[in-house]
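Here chain A shows up in two complexes: once beside chain B, once beside chain C.
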Partner chain A sequence: MLLFYILFPLFVALGITIVSSKIRREFLGWIAFSVPVVLFALFARHIPTISSSEAIRTTFSWIPSYGIDLTFLLDGLSLIFVLLITGVGALVILYSIYYLSSKDSFAHFYTYLLLFMTAMLGVVLSDNIIVLYVFWEFTSISSFLLIAFWFHRKNSRNGAIKSLLITMSGGFTMLAGFLMLHVMTDSFSLRVILAELPQLTDHTLFYPAMALLLIGAFTKSAQFPFHIWLPDAMEAPTPVSAYLHSATMVKAGIYLIARFTPGFGGDVYWFWVITCVGLVTLFWGSFNAVRQNDLKALLAFSTISQLGLIMTLLGIGSAGINPAIGEAKGLYTFALFTALFHLVNHSTFKGSLFMVVGIVDHQVGTRDLRRLGGLMRFLPFTFLLAMIGSFAMAGLPFFNGFLSKEMFLTAVLSIGDLPIYGGAQVGWLLVLVAWLASVFTFVYSMILVFRTFTGRPIVDEEYKVPQEASLGMLIPPGILGVLAIGLFFFPNLLSDYLLKPAVEVLVEDGAALAPKIYAWHGFNTELFLTLGIITLGIVAYLLLRKWRPYYQYIPSNWTFNTLFRSTLSGYERLGERVTMRYMNGNLPSYFLYIFSFFIIVMWTTWWIVGPINVTFDSPSSMTVYEGLLAVVMAAAAIAILFAHSRLTAILLNGVLGFSIAIFFVFFRAPDLALTQLVIEAVTTILFLVCFNYLPEWKVEKLSITKKVRNGLIAIAGGLTVTIVGLAVNNYTKFESISSFYENSYELAGGRNIVNAILGDFRAFDTMLEGLVLFIAGIGVFTLIRMRQKKGAEPRENQ
Partner chain B sequence: MESIIIVLVGILTSVAIYLLLSKNLIRIILGTAILSHAVHLLILTMGGLKSGTVPLLGENAERYIDALPQALILTAIVISFAVTAFILVLAYRVYQEYGTDRMDELRGSNDEQ
Partner chain C sequence: MKINDVILKTVVKGVVLIILTFSIYLFLSGHHTPGGGFIGGLVMASAFVLLFLTYDVETVSEGIPISFKKMSAVGVLISVSSATAPIFWGEPFLSQNFGYFDLPIFGKTELATVTIFEAGIALTVVGVVVNIILSISEGSNKWKA
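On to the complex of A and B.
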């Protein structure tokens, strides 16, 4: 059943591709829209089951010999994600129907989007880590396709490549981590691995696996220093940014870390790495968001920052898994709970903000803050939505962001009380960083809404007078805005049905330890911190013009972006230089590599395995004629090397061919002898015919060193073959299988064994051999008949 | 007999490799032809020489020679003929188009670099 849920978008995507040319384009959007709506309803039906801490499971055998099964598991944690994926997905598709212009290809857009939906559902529902990995990479691929949706723009292509390179390398790293987990636990199943991991902390692979896994999660969730791909990914159409790069795909890393919390959670490095990376990302994202002039870039850095916030909470919360935590367990379960709560909140307000920015871009024609202002008058509803989203993001009361921000501060403050890991010494520093980041968050939230919508309207002849967006574009952010307010007033509804079952998955007794959410806690530290954020934030916003210019003093050469670019171009140059060194287009050089490689490999092998048994013992005797023939062949072969005319050479080649035919007669192979005679005759004639059209060969003017080099390689090659032949000749390990064919009369009705093999036992081989001949014939025919058409483009290399 | 043939195979291989390393297209084609001769002889030798009678059941012999290498070689002869024919015609076309049969003058188009 779950498999069907996952594949449903994929099937519809295929359907869309097939019918796209036959039906109206808007209709494609509505078909695509129906998918997440249906899935949302289907998944929502399971809420009562899941909230009583049960899980739904489906298993299919995929590669049973390797223990890879398609096992899908819907538990509390997955449920939050699937509801986000389908819920936000539905709103985004509805929005996109009105957002996309008539020039865009609806079919491609919705195919990619539904492909992504399948991939993302697969990631959060897979129980098998290999299946999870496959879906994980699928999200990267569909993200690549969607970022490059407007592929005629250079920035779109570059952004797509960058995000693909970073998330894919993270994915590979994660795969290595997964394989280590498999080695440790001998299982591919997430549940088994998670159950066994806490007992394996002394395993040598424990920390490598953890590190690789974290890199995978950090690249996907755009954590510092891998965050650089997310701002460039904003070249995607805005619905895509709202969906993939804010609400769902970038949260796959969060999902992975949350999922592995019960396994790695009690570890001190897990705690500090995630907490610190999260905090740095939180600060760096919000710090950089303030300097952006492009609204979408601002939102990108804001997303990075918010993802860092969730990551920090997951890090802090992991302490609750450690048995040594004792009484304080509830405090840290609280952090995990907050992480999930903020995850949902972020999707609501950030989703609506992206759509608002999309509306501004769509209706005004620019997202550049320097050219925007006073839009309140033209886009009143959009302004309202922008306010809701921004205030929620800034953490102001009456919006859901306030609740989770307060809880976040509580969680960060709790590091100072940590009885283990030495949290007490550095707790205050982390609080300071989190607090500063929140101030910046407040500032950029204000920039987003007030710089765009208030102030002097910028009248520009270039732009039409903006009009309020159509209802279809306002409803989706509207729904998210209503949710952002609704969650403030009724947070425990969400908590009881979705968050508590999810926390239960992460921590034992999590549901019981999870807090009830209150908007008012009395006058405590968190409240004063919030008041401080708001006060300082307002002051900082008002004085923005005074201090924002100082951003330009940050050196632009020392960023991770520059590092990424220079590494990439460095590799390209190095690759090109190395390739050009050996791929020089000269066929003899390639032959040189091939033969040298063959000789080196063989001789190294002998050097390693020790001497091999080379004897000149021969089971069969030799007659005078045979000896003479061998001498004739050797002489003819060597004479070819010194032939001055090509005619001599070809006749000597004929001597070789016909001598072999005679050898075939001596060696009891009449069929071979006949074939060889015919073929040799035809080949010689073919050579002679071709010579009519080819130049006489000139004596090769090779330098003596090259001649010696080629000669040495040739002799070494011949010697190698001889040694192999002699070694194998007197070496019998297995009985020959040929005696089977001596039943050819009974089995195939043929008395000639060779013919029976070719015509019966291995008849398919012979048929395909005929095919090869046929293809060669077509090749010859085409080469002779094919002529450049008159007036066609001249040859490529001129 | 076997060891003599194997030494002969070695000589043929050396000659073939030397021809393959040269610049002239015809010499290279000759090299491939000689290399396939060498390989055919080698395969046949590996199955044992003169260790039985001709693999025809009508002979009613005690022991037949290994028929499997013969079947393989029969296929190989035909295929190598097809390849030789193809590259010969290719050489003819190349000479017509580019006016040379020297490999160092046929180094691909510059736009790849």
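On to the complex of A and C.
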């Protein structure tokens, strides 16, 4: 069943592409909207089963010989994510129907979005790590397409490329880690790997695999120092930012770390790396969010910071897996529980905030803080929603953010009590960092609401007087806002049905150890810390004009962005230099490289494998016709060298081609003969078509040494091919595989062995060749047809 | 100079029909005798190319309103999805099946799923080859007589 759930959005996306020109554009949106709604209902149906700590599994075999199966598993942890993906997905699509302008292509937008949905569902449901990896890269690709949705903008393209490069290289790294895990456990199944990992801590690959896995997760979840792609990804349309870059895709890294917690958790490095990276990200994100003038950039840094917070909690919680933890296990299970709780909370308030910013951008035409103000009187409902979202983010009471922020502080404080890893020594420092980050979080939350909605309204001539957004744009953030408040009053409902089963997946007896959430804990350290955050935060916000200018003293050259840019341009220059060295547009020199390489490879192989057996005893005698044909071919080949016009050369080349076809007939290879004939014909036509492009035929002027060199390489090439031909019959290194194919009639039902091989035995090659051919065709088409006409308006960089 | 190509045009009208029939024959016969999706597709493509060579692009596109770009995409889609389909029946990726049926006119006939896969390949080949030749020829804009 699960496979059909995953593929459902993909099928609808395909349908949308096909019918897109036939039906009205708004309708496409409603079709797309129905997908996550249906899926949400289908997944929600499983909540009772999952909450009794059972799992749903489906398996289909994909590449059984390698142990790669399409196994999907829906357990407590996956359930939270699939409900987020489909739930937020539904709201975002509803919102986008009203957000997109009439100039945008609805068909492309919803196709990409549904593609992403399939990919993301695949990531959180796969039990096979290779399948997980495939879906993981699919999320990167769909994110790339969505960021570059407005591809005529230079910034969109750059942002898309940046995110693709960073997340894809992280993905590759992760793949290497996965393969190491496979080597260690001899399995691709997540369940098997997680069960075996705790016994393999002494394996040499244990730490390399862990490191590579973490890099993959950190790049995806925009953790320091890989966070630089997320602010640039904000060039995407706002619904995309709300969906991919705050609620779902960036949480894939968190999912991965949570998923591997039972395996790697309990290790000291796992604990410290994740906790520290998380805390640094938390601080750096919130610190930078304050200086942003673009509302979306502010939200991007805030997302980075909140992801760091969740990461920190996962790091702290991993201590609970270590058997040495003893009695304190409950304390650290608490951190894991909080991580999941905050994950849900973050999706509610951050999703609604992104939509609010989208409304501001849509209705006012700018999201630059310096040009905004006093919008309260024009957009009262939006103001209300912004307030709910921001206050939840700041961690104020009566919003869900308050609960998880308090619990976060408890978790960070618990590092000081850690009996292992030496946590007690540095615990206070971590608390300080977390506390400072929370103050900055409070400040930027206030900036978001009050700088935008209060103060002097800026209405100069160039702006239209903003109008309140349509109901369709207000309902989705409204629902998220209601959830943000609702979760404050009834957190244990969420906890019982979703969070506890998920914690059970991560830690043994997790559900029993998970806490009951209370809003009021009495006067404890956490409460005083929160009071301190609020007081200092209010003071800092009021004095913002005094201290914000100091941000400009932070050097702008020594950033990871600069490093990224210079590395990229360095690679580009290097690549260009190397390529220009040999891609000189001169066909003879290309042949020179190809033949030299061929000769070197062949002779080195012979040198390594040992002598080959060249015999001149032919298994069959040569007929007169064969001899004649050989003479014709030799004559044609030599004549090409002395041809004076291009047409003659081509005709002589054709003689060679057709003679080969006749040889195939002689040797009873009709399939090859047919193919050769047709190919020869099509090539000739292609050549005719290209004739116009070719420069004038000139006699080659080369120095004698070069001519001798070329001649030697040509002769060596011919010699090598001849030796291969003579030796091939006596080659006994490996057993011949051809006998297998002789049973093609029994195995594949076809008498034509060649086609049975092409279509059945080795159909994978054929399929991929078809795909490559298609890609090449599209390449030729775009390069030639989509060329910019001379003197036309430049399409780029609008 | 106006080229007199009446003979070419008249001959092509008949020949194209023969080539197209031959290509379909080649495609279907590939299971037991020489032929198959790739060759069938190539021969069919050469028929279209012959048409485009003889008449100009506009005339042919009016008569055969097919987007060869979409054709190649549909071809890839068919071959990939026919490769994926066996998974849903619990068989490995790319499994092919065949069986023998008694059909009313043909008598005992073999039907094989590999035909669907090959049809995808054939469509891809036709689409891509015609598309490439059309792209290059239109790019030059010179050789339309």
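In the analysis below, the second predicted complex is superposed on the first by the 584 of 798 C-alpha atoms of A that agree within 3 Å, B and C clash if a C-alpha of one lies under 4 Å from a C-alpha of the other, contacts with A are read in each partner's own complex, and residues count from 1 in each chain.
FYI, a residue touches a chain if its C-beta (ideal position, glycine included) is under 8 Å from a C-beta of that chain, and two chains touch if they have at least 3 such contacts.
Everything quoted here is computed from the prediction, not taken from an experiment.
Student: Could you look at A:622 and tell me whether it touches chain B, chain C, both or neither (first, second, both, neither)?
Tutor: It touches chain B, and chain C stays clear.
Student: Is A:694 touching the first partner chain B, the second partner chain C, both, or neither of them?
Tutor: It touches chain B, and chain C stays clear.
Student: Applying the touch criterion given at the start, work out whether A:208 contacts chain B, chain C, both or neither, answering first, second, both or neither.
Tutor: neither
Student: Going by the contact rule set out at the top, does A:63 touch chain B (first), chain C (second), both, or neither?
Tutor: second
Student: Figure out whether A:776 sits in contact with chain B (first) or chain C (second), or with both, or with neither.
Tutor: Once the two structures are laid over each other on A, A:776 reaches both partners.
Student: In the superposed arrangement, does chain B or chain C reach more residues of chain A?
Tutor: B
Student: Please indicate which partner A:737 is in contact with in the superposed arrangement: first for chain B, second for chain C, both, or neither.
Tutor: first
Student: Pick one for A:656: touches chain B only (first), chain C only (second), both, or neither.
Tutor: first
Student: For A:455, decide between first (touching chain B), second (touching chain C), both and neither.
Tutor: Once the two structures are laid over each other on A, A:455 reaches no partner at all.
Student: Under the stated touch criterion, which partner chain does A:752 make contact with: chain B (first), chain C (second), both, or neither?
Tutor: In the superposed model, A:752 contacts both chain B and chain C.
Student: For chain A, which residues belong to both interfaces, chain B and chain C?
Tutor: 670-671, 675, 679, 682, 686, 690, 693, 751-752, 754, 758, 766, 773, 776-777, 780, 784
Student: Under the touch definition given earlier, write down the residues of chain A that touch chain C in their complex.
Tutor: Its residues touching chain C are 3, 60-65, 70, 670-671, 674-675, 678-679, 681-682, 685-686, 688-690, 692-693, 748-752, 754-755, 758-760, 763-764, 766-767, 770-771, 773-774, 776-778, 780-781, 784-785, 787.
Student: Can you check the complex and tell me which residues of chain C touch chain A?
Tutor: Interface residues on the chain C side: 26, 30-39, 42-43, 45-46, 49, 53, 69, 72-73, 75-76, 79-80, 83, 87-88, 90-94, 96, 98, 110, 112, 114, 117-118, 120-121, 124-125, 127-129, 131-133, 135-140, 142-143.
Student: Across the complex, what residues on chain B touch chain A?
Tutor: Against chain A, chain B makes touches at 1-15, 17-24, 26-28, 30, 33-34, 37-38, 40-42, 44-58, 64-68, 70-71, 73-75, 77-79, 81-86, 88-93, 95-97, 101, 103-104, 106-111, 113.
Student: Tell me, which parts of chain A touch chain B in their complex?
Tutor: The contact residues of chain A facing chain B are 580, 584-588, 591-592, 595, 615-622, 626-627, 630, 633-634, 637-638, 640-641, 646, 649-650, 653, 656-657, 660, 663-664, 666-672, 675-676, 679, 682-683, 686-687, 690, 693-695, 697-698, 700, 702, 710-711, 713-715, 717-719, 721-722, 725-726, 728-729, 736-738, 741-742, 744-745, 751-754, 757-758, 762, 765-766, 769, 772-773, 776-777, 779-780, 783-784, 786, 795-797.
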